[in-house]
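Consider the two complexes below, in which chain A is the common component and chain B and chain C are the respective partners.
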Partner chain A sequence: MSEFLQHLVNTLVLGGTYALLGIGLTLIFGIMNVVNFTHGVLYTFGAYVMFIVVHQLGLNFFLALPVAVVAGWILGAVIELTLLRPLRGSDIDTTMLVMIGAWIAMQSGALWIWGGVAKSVATPFPEAPLVLGPVSVSWLRLFVLAAAGLLIVVTYLLINRTRLGCAMRATFQDEDTASLMGVNVDLIYTSTFAIGSSLAAAAGALLGPVYVISPQMGDLAAVKAFAIVILGGLGNITGAVIGGFILALAEELGAGYVSSGYRDAMGFLIIIAVLIFKPTGLFARSERIG
Partner chain B sequence: MRSVVTILTIAAFASVPLWLRDPYLMNALITTGIFIIAAMSLNLLLGFTGQLSLGHVAFFGIGAYVSALTSLGFDVGLPGGFRVVHDPWPPFAGFVLAIIISGLCGYFVGRLSFRVRGAYFVIVTISFAEVVRLVALNWVELTQGPLALTNIPPMALSLPGFGELALHTKLQNYYLVLVVAVAAYLLITRLVRSHFGRAMRGLMANETLAVSVGIDVTKTLTLAAVISAGIAGAAGSLYAHYIRIIDPEVFAFINTVTMVIMVITGGKGSLAGTIIGGLVFGLMPIVLRPIMAPEAQWIAYGGVLIAILFVLPRGIVPSLTQRLSRPHGKTAAVGRVAFAEHSAKEHA
Partner chain C sequence: MRRTIKYVLAAALLSGTASAETIKIGVNEPLTGAFAASGTYVVNGAKIAADEINAKGGILGKKIELVIEDNKSNPTEAAAVAEKLITSDKTPVLMGAWGSSLTLAVMPKLTEYETPMLVETSSSGKITTSGNPYIFRISPPSSVEAAAFKNIVDKLNLKKVDFLVINNDWGRGTADDFGRMFKEKGIGVGLVETMDQGAQDMSAQLSKFKSSDSETIIVTTSVDQLTLIFKQAAALGLKKRIITTGGSQNPDQIIAQAGAAANGTMHLTTFLPWLPDKTPNPEATNYFISEWKKRGFDFAGCTESFRGYDGIRTVAAAIEKAGKAEPAAIKAAFWDVKVKGLNGDIVFHKSGPEGKESGQSQPNVYLIEIEDGKVGLKNL
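Showing the complex of A and B:
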């Protein structure tokens, strides 16, 4: 029983960052209809920004998270403006292949700049975990959970309570009508991609110190994000949050009770099962976003 | 005219070993040829049915593992106390089994994943390939996991009256790959010019319309998937017996991307294009190697893929043939794209 409780605690911590990854991708996928293969690279990028700020610039650990969010926002906006805006209106396969090209180039760039050796980030948290009865959780992981929760709430409010969010939801429902009502659709697309990218970078900056940082760390993260988006339904933020926790639970239980080698297979199995049995996602409200 | 060009091209490829003696270049040509076979099979799906499968490496890898395990033999325990013991068979039996089993996998994956379209189809196929990779990595008793299957025998042909002829040299393997590539080319060409080929292109242009005139979608797509997977399995078998060592990295997503790049560069729906695109990307490392670090090479690949999609979105061969045959063909192409977009919207 205590083992199961420990799995639940781990699920909570992991699920928070998965939810961040999923929200970013579901916004881009849902609003722009772009299968964003650079999402994993942005995750890697966020982790390396964390590393640079803490170790090469010698700045505070807590300052590194907002820096990573801003850096992810800028990189996302640059990708959108240079690669996606010129291809507006082309079919989904073309933009997907362009995103694959960008992913290969950027990941190889990370490998070139930072080398293949995994790096770890020093944190200001004590080594000894917080012990609550039968379960223990490290302070770092608690911070990750809290920060992820904060970012999820901010994103939710941004989408549901601001003019920008309102315009984003309108664009998701009907691009042409939104454009007729005076919404600057180009700006919405760039903002959406930048916000989604900054959330991926934030997830990387949060999970990077928990594990180690390497140029390939984003590959699995990207696939997991796709699994979460498919679980939660396209453009559904609440669905992405729930999907993130379901994926984390499946991985924890799969690793704990089946075989740790198949931990990463859970995301793929979920994708296959959901798309075959319920292709609209578990919480489908395909006409709405938010 | 067409068959004259085909015969001349085959003759040109067959003459390469006569004037090219460098073993490094021969090796590059053989592996490129194997990837071109796999890329042609991907083109059958991508170029003629319009389905972008990004899990194609799964069939290539399954073919490699099936062929290697058939010729090496294995002894594995199954749940329930059963044991499966297999004594080594000749490599050619492995080649045949690789085609059959990859084709069967293509059937099952096709039946499952053709329920969804577009981005979802892409993600299902990626997931399938990754699950297979994780199985290859973790089922150590069968596959040796990351330790790799080693000492795979070279491909051997049994000729009546001559006994077994094992293909050890690069020259022999070059001609083997060439023969299989020509066979795959002819098979796919025949298929796409047949009744099924027209059904496939009809589906690609407008699925709703195709269904309304009586084309059986599932049957057509599944047939394409089975043949495509079988050819990819054959390529995987050639790869296993040529390289003679395989590990789960054969399932790496980057291998699928390599095949996709070859198809897109040459042009979707053009087998000649796949050969040209395959030669360009297969031999590019040889040109780039002296001047660039390996990571920089991959940056260049990504950049070239993006550049081709921006500059020649339909690929080298279709763009060139259009430019040569119809100087004023631009309006017609725009009309066709507009129609495709329209039908895509209708479908969505």
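Showing the complex of A and C:
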């Protein structure tokens, strides 16, 4: 029983981070309809910004987080302006190829600048875990969970309760109508991609100190983010959050009670099942066709 | 800067003609991917050996040239890199490929092109027992590690152990060899859990150990994952003894990155850079360590890089003995080399099916313990 409780606590902590990975991508992949292969590199980028700010500039850990978010926002805006804007209106394959190219170029750039040896970030949290009866959890992971929760709520409110969010939803539903209603469509494209990118960078900045930082850290994260978005339904923030927790639960219980060798397979088995039985994702909104 | 670029360009253009005057050695290591840290250290050690040999005039009157390629921690890439080194760069001998799965993927290429390879790190038993006569290994297979550990397990008072191993030939081979040895010793073997080579979160596996009835966990993987395991074990309040195997722990890097979580952990290692005077060849060890520091490399890498250093020195000795830089002659000469390695004499013994034996050298194995952020030899 105590093992099961520990698995549940692990799920909560891991699920929070998966949810954070998922919501950034669901904005770009789900709402903008861009198959964003740079999501993993932006995650890596956020982690390296954290490393630079804490270890090379010697600034405070908590100050480094907003710096990483802003840096991710800027890099996202640059990618949108230089790569995606000229390609707007072209077919999905072309955009996808360009994004794959950007992914490889940025990952190689990270390798060139920082080398392949992993880095670790010191945190101000105590090393001794918080022990609650039979379960324990590290303070850092609790902080990450809380920060992820905050970012998720802020993003949800931004999309569903603000004029910007309303304009975003309008633009990607019908660009021409939105434009006629006075929405600055160019600005919306750039800001949506930038917001999604800053969420990826935030996830990297939060998880970099939990794990270790290396140029390839984003690859697995990106694969999981895509899985979460498909699981939750494209463009659905609540779906991405729940999808993140379902994936974490499947991995934890799969590794805990079935086989640790197939840990990563568990999540993808669920994805296959979802794609067969409910291809639009578990929580997709009903959509008008035609 | 511009001048450097000019020289690099000139060197690149001239490399076709320059190759006739050097002896090429192919180096097939993971410089990116999951094993990037370890592979980079091995390559840096190899460069020290090449520079040392060239400073003394090279071999057979020629300088040696390392042709270094990245196998990306990926077996498919490792095989492709071997093919490129042999067919395009015309290297008569290779060193590589760090990981067991990487080396196993390269082996058919060695047979195909009849080119020998010195294996510096891999520890799966299969490498030297599957009948590949082009393999010469200086690292200990996990069975040798297990045999060395067998002599000290009584003093550690082991009752029952669990395993957490990387899910590849290296990890699973270690679990088999150590498990067999423990059973012979009457020590119980409980859970055998695995993790993917790129996995970052091992909390699920560690949570299982928390409620198992074993008192010790044997962990086999490389340094980056070890760091994560120690941190995550501490976060879960897992208070069992952890002993790592495989010799790719870089204990100083663990101390730097895992902090207090590393205290109390024990590691089976094949080099003692902390106690150069206790190594079999103190003079060479001291030279290597001083050269390593002089180049500004992280001391933590010594436990990994010495294999690249010993590997290239062994390859050079074989080429010298062969009298010519040709694959068949070098392969034959490997059997006659005797190199004073940093971890004991390197001499190849026959291993595997008769007629197709691979060469295996027998290095020393030590058990060290991390206490208060320092490495100590575990005196038993």
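Before moving on, here are some points about what is shown:
In the analysis below, the second predicted complex is superposed on the first by the 284 of 290 C-alpha atoms of A that agree within 3 Å, B and C clash if a C-alpha of one lies under 4 Å from a C-alpha of the other, contacts with A are read in each partner's own complex, and residues count from 1 in each chain.
Here, a contact is a pair of C-beta atoms (placed from the backbone, for glycine too) under 8 Å apart; a residue touches a chain by one contact, two chains touch by 3 or more.
Predicted model, so just to flag it, every value in this text is computed and none were measured.
In the three-chain model built by superposing on chain A, chain B clashes with chain C. Within the superposed three-chain model, A:G261 lies in touch with chain B and with chain C [touch as defined at top]. Of the two partner chains, chain B is the only one that A:V35 touches; chain C does not reach it.
Touch criterion met: A:I104 reaches chain B, while chain C stays clear of it. Once chain A of one complex is fitted onto chain A of the other, the partner contacts of A:L275 are limited to chain B, with no touch recorded for chain C.
Once chain A of one complex is fitted onto chain A of the other, the partner contacts of A:E80 are absent, as it touches neither chain B nor chain C.
In the superposed model, A:L14 lies in contact with chain C only, and not with chain B. Common to the chain B and chain C contact sets on chain A are residues 111, 219, 261, 264. Partner chain B is touched in their complex by these residues of chain A: 29, 33, 35, 83, 86-87, 89-94, 96-98, 100-109, 111-112, 219, 223, 226-227, 230, 259, 261-262, 264-265, 267-269, 271-272, 275-276, 279. Taken together, the chain B residues at the contact with chain A in this complex read 52, 112-113, 115-116, 118-120, 122-124, 126-128, 130-131, 134-135, 137-138, 253-254, 257, 260, 264, 293, 295-299, 301-306, 309-310, 313, 340-341, 344. Within the complex formed with chain C, the residues of chain A that make contact are 2-3, 6-7, 10, 13-14, 111, 115-118, 120, 127-129, 131, 136-138, 140-141, 211-212, 214-217, 219-220, 251-252, 254-256, 260-261, 263-264.
Interface residues of chain C, counted against chain A in their complex, comprise 31-34, 36-37, 39-40, 167, 193-196, 198-201, 203-205, 207-208, 210-211, 224, 227-228, 231, 234-237, 256-257, 259-261.
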